[in-house]
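Same chain, two partners: chain A is paired with chain B first, then with chain C.
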Partner chain A sequence: MLQVTHVRSLHSGGRRQQQEAVAVDSEPEPFSVFRTQESDPACHSETHIGQYYTLPSAHIRTLFPSGLPWRYQQQVKTFNEACIMVRQPSLEVISYLKKTDYSKPALRYLFYGQKGTGKTISLCHAVHFCYTQGWLVLHIPDAHQWVKNCKELLPSSYNASRFDQPLQATTWLRNFRLTNERFLSKIKTKHRYMWTKREFTEEGSLLGELVDQGISRVKSSSDVVGAVMKELRLQSGQPGSDFHLAVAVDGVNGLWGRSTIKKEDRSAVDPEELTLIYNLRKLMRNDWTGGAIIATLSQTGSLYTPKSAYLPQELLGERGFDSMDPFIPVSVPNYSEKEFESCYLYYMDRHWLQHPQSER
Partner chain B sequence: WYAIALQTSLLSFVCRVFLVRWSRYNPYYLEPEVSKEAYSRPETELSAEEKEQRELKALRPIKAATSGVSSSVFDDPVISKFINMMMEHGNKVLAREIMTQTLENIKKKQVEKYHKASEGEREAIECNPYTIFHQALENCKPVVGLASIQKGGKYYQVPIPLTDNRRRFLAMKWMITECRDNKHRRTHMYEKLSQELLAAFGKEGNVMKKKYELHKMAEANRAYAHYRWW
Partner chain C sequence: MASRTSKTFLSLGRINIPLLGFNKSSGKVKYATALSINSSSGNKGLPDRGGRGSFVRRPRREAGEPRTGKMPVDQDWTAVYPAAAPFRPGSIPLPVRMGYPVKGGIPPEKKGNLELIKIPNFLHLTPAAIKKHCEALKPFCTEWPSALETDTKCDEHFPIKLESKEYVSAGPSLRNPSARIVHLRVKLSSLNLDDHARKKMIKLIGERYCKNTDVLTIKTDSCPLRQQNYDYAMYLLTVLYHESWKTEVWEAEKTVADMEDYSWEDSPSQKNILDVLLRMKVAGEGDGEEVRQQLLGRKDVQDYKDSVTRLKNEGESESSMLQYKEAVKKVFNM
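Presenting the complex of A and B:
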């Protein structure tokens, strides 16, 4: 338990004292300067900037079966808890989400910034907020995984010129089923889908059945993904539906870039020829209402982009920028002095900084 | 080889990098002192010999420091030696990377154990990877070694005392060969090293077995100890 009195700050004590005073007022027991007891993202505000809040482990298992970055997952395993720092960019997006009018077309928020500044974690913070508000979350952990290292590529059954990726589609459907359990038995399909000559899904059947169909029949799973996206897009703004749709895509610049997947005659596949990418691009257009699209740019996983590129113009390219336009860019900077100190104290508390010099 | 390179350099072309360190320094040259603490001590704290040493250093020329040492707080001569021993084909970058990953891995495992343990057990768990590394190496150092001494036409394995440097070298060598040869092919070196170091810290594992076997052999050959003449 870190006592507030013996924490030494690197910079002036004026701001810290002010923050302490606020902390004492709102929480009866000041736990520490860098942690907050508020685990509900809806209640986070400017006063909590720089403080870590704990994500409940039940939420992590359902919300992020594979959504968190690998190094963060290892950190969660080591520290036995998942803490995210409340920062300005995600607070901004959450405040916009609270105030939007959901009868208007969906707004697109784009997190951009240098490598390693926290874009994915800000996205996860926003997604956690949507989940706690009871929205339906469509989370694509990394769009780049769909355009590279493809082990199986099948020609699409629906459209001869496109290609299917059964493995990626089935994993995504499984994660989707885990995240949105409660909606699967509530939403009904509005169209009739024919998978083969004998298998079809009737109009008015539950979304859960559609998802199970995709997981069991691996060959048509990419088409099922497309169908799910179409259904949710059509139904989300309607007066009858009671849910909001949150589309969260990490590495959105992969949708409009190039891919390393090769056809049998060794020519490169354009991302447009992949069913998953095609359907996801349709979802990214703002012609539907009743939700929001939150995306992140990423240079680390992207193909054929220079290492120094981080601005939306450079990473999305011409086609991407034109299709994403208009969007709300949110810049994610590096840690400020206060955030850095908070991070340092957190690591000291978790016994991660072991060197004797680190106490100074 | 380096001496010849120096001589030819005077005759033909001038090398871009003049290899000074391994050329035979004049014994007049003194070793460099890298740590900052040695210089920050005030005049009053030093004994007479240390004052003399300081004055000598002000007058005499000093050898160039190797690129492996630094005046950073994280610099450790034992760790540097271990990195040099792990290095293959001069790839110091890779050896250092493996070492940092090993230390991080050890810290991760220990911190995980720490957080999962109950209050009473927490004090016993050591989380600092440097102390674990040093302690593991200490546990692996053999006390006596064997030398092959010829007496009356036959060679006998005679127990002999070892210098500190030799003991340290043997401990590191055993650790590295054990990790390279006797582990599963597909695990990373840092994973193998961290497992072996943690086992040695707890006085178990293959390297400890090797040390105990050496001690047993030395104990068995105790009768020949008087064959040693130094």
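Presenting the complex of A and C:
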């Protein structure tokens, strides 16, 4: 109780922002119940379960330009820090990732669970681990965004039966560039890509150039996305490359579901006819080596699925399950007693719970 | 005597009794005499109107205590309600209440309660009454065969069960068209069907099959007579049986979507796992059939096969997901 009043006297009542340095100075000990100073996911272990670790803000800006759930982003802005709780499902996946054999085909890990249990945050925890280990992170924040609310749909220049989504593709390329700056100047393309009659990307040019090409030429951005995915898939795990590829997809059941995008004649578009989805499906197959695929299921953004569905086969459907098979399903349960206590103490510490009775 | 006649007058209603007569205009004198005799027994509310001839209320007497007060506990109830009769509050010694409660109170009592009279009651079918009915019917019955003691024995000797209803009602006609409906129930396990025949039979009968109890129910009502419907039902059963044993040419085109159960052989799941294992170069060098067979023979692949089959056939649950997870982990040696 003492330290709470002490902190309150430093700041005026209604303001919720709190300087981290001051907090650390005034309350060293009682923090450790629900916080851990270990901010490297590689060092997290069973002892840290239930404790919050802080993500360095530099990492957040690069790694998660739009990868975190909306409410969590609000929370980060409010508390001025991003804290993730260390929990069993993500620890399990991280332990598997540590043991990956880069010569074997990529393994697929799937987080599943009921609504609001923390699948996306577990995915972000695993992705943070990959990032700190120096892997190349290919993060698709929400696959459902690509199958609904499409403002512009162009027929694909590469394949007449498919459709392009330039806006989504350019946004994704921008985020990709932000996250993987350091790799863009190191990886070279192995194929030659022809965008229009005059524009092409030569073999051996840098990945960064390819990405810039996609961002500047909006019309061919979806094909650029496909090219980037193909390049990374082919090169990862090969003897010459020095990077490991981590593919993280949130809401992977959207790839095999239905879409609400309509063609001009008001018939629905099959997700397979969308270039972005088509290429992403190819990436989800485990025919490449040298990395891992981590995904979550999500009913919240999905289309035409019942609200109570949360198990993999219900959300993925027949085709999705057959494509993802074999995968390792990881169940994400609700908070345990200890985790709940921890969350409660964290919110108390952040002065989020203002009601006087909440202190009991 | 006058009181007796007035009582009969009250109970017999409209029957014309020459003694007192219905004529109101005439017979003033008769009324007057009746009045004078009855006035001693205490009629209420009878104004002595003199000779003006206005309507005078019928003589009535007090109702006594209802019979319920005088009923002994061990009486014969079948005598009180020998047949179906409406609810008589005075004959039923139970403090029954029925209806919407009065505001701030309880449901109204049984005396004068129309709700209790409206509803059907089974007061004439108490266990004692049923016993009497059974005793009366016993001389007309024969013994139950001793070989059919249990239900299973009945099913074994008489697998086909026929059901039809008889309707008894009083009305302009004694016939009821619903009496022609016949239900034929038979368990498919008691029919001689092999695997293909059983699957074909289930596809042919569709909605009429209950998976949980393995019972085929044929309901026939297309013919006007019960005998005809029974013949039709037996004919349908025969035809179904023989047709399901035949194999048509076009049955060879059965696709994966038509299959009732999931079979792992030649499924995408099998292809995937073999593909992955081959790429992981687990089996060593050498290509083709023997490598495939060797991989398929491994224990962890068999476990994987079982878990996937269980997932697809039984549907999903936490336990089947865990089993699948363990199987995949074993295959990948984690």
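Convention: the second predicted complex is superposed on the first by the 329 of 360 C-alpha atoms of A that agree within 3 Å, B and C clash if a C-alpha of one lies under 4 Å from a C-alpha of the other, contacts with A are read in each partner's own complex, and residues count from 1 in each chain.
Please note the rule applied: a residue touches a chain if its C-beta (ideal position, glycine included) is under 8 Å from a C-beta of that chain, and two chains touch if they have at least 3 such contacts.
Model, not experiment: these values are computed from the prediction.
Colleague: Who wins on chain A residues touched, chain B or chain C?
Modeller: C
Colleague: Go through the superposed model and pick first if A:286 touches only chain B, second if only chain C, both, or neither.
Modeller: second
Colleague: Pick one for A:357: touches chain B only (first), chain C only (second), both, or neither.
Modeller: After superposition on chain A, A:357 lies in contact with chain B alone.
Colleague: Check whether A:191 is in contact with chain B, with chain C, with both or with neither, and answer first, second, both or neither.
Modeller: neither
Colleague: Mind working out whether A:61 is in touch with chain B, chain C, both or neither, as first, second, both or neither?
Modeller: neither
Colleague: Of the two partner chains, chain B (first) and chain C (second), which one does A:99 touch, if any: first, second, both, or neither?
Modeller: In the superposition, A:99 contacts chain C only.
Colleague: Where does A:78 make contact in the superposed view: on chain B (first), on chain C (second), on both, or on neither?
Modeller: first
Colleague: Once the shared chain is lined up, is A:322 touching chain B (first), chain C (second), both, or neither of them?
Modeller: It touches chain C, and chain B stays clear.
Colleague: With the two structures laid over each other on chain A, which partner does A:115 touch: chain B (first), chain C (second), both, or neither?
Modeller: It touches nothing on chain B or chain C.
Colleague: For chain A, which residues belong to both interfaces, chain B and chain C?
Modeller: Correct list for chain A: none, the interfaces share no residue.
Colleague: Per the contact definition, I'd like the list of chain B residues that touch chain A in the complex.
Modeller: Within the complex, chain B touches chain A at residues 73-74, 107-108, 111-112, 114-116, 127-130.
Colleague: Can you tell me which positions in chain A touch chain B when the two form their complex?
Modeller: Where chain A meets chain B, its residues are 74, 77-81, 350-352, 354-355, 357.
Colleague: Can you check the complex and tell me which residues of chain C touch chain A?
Modeller: 267-269, 272-273, 276, 279-280, 304, 308, 311-312, 315-318, 321-322, 324-325, 328-329, 331-332, 334
Colleague: Inside the complex, what are the residues of chain A that reach chain C?
Modeller: Touching chain C: residues 96, 99, 104-105, 107, 112, 286-287, 311-314, 322-323, 325-331 of chain A.
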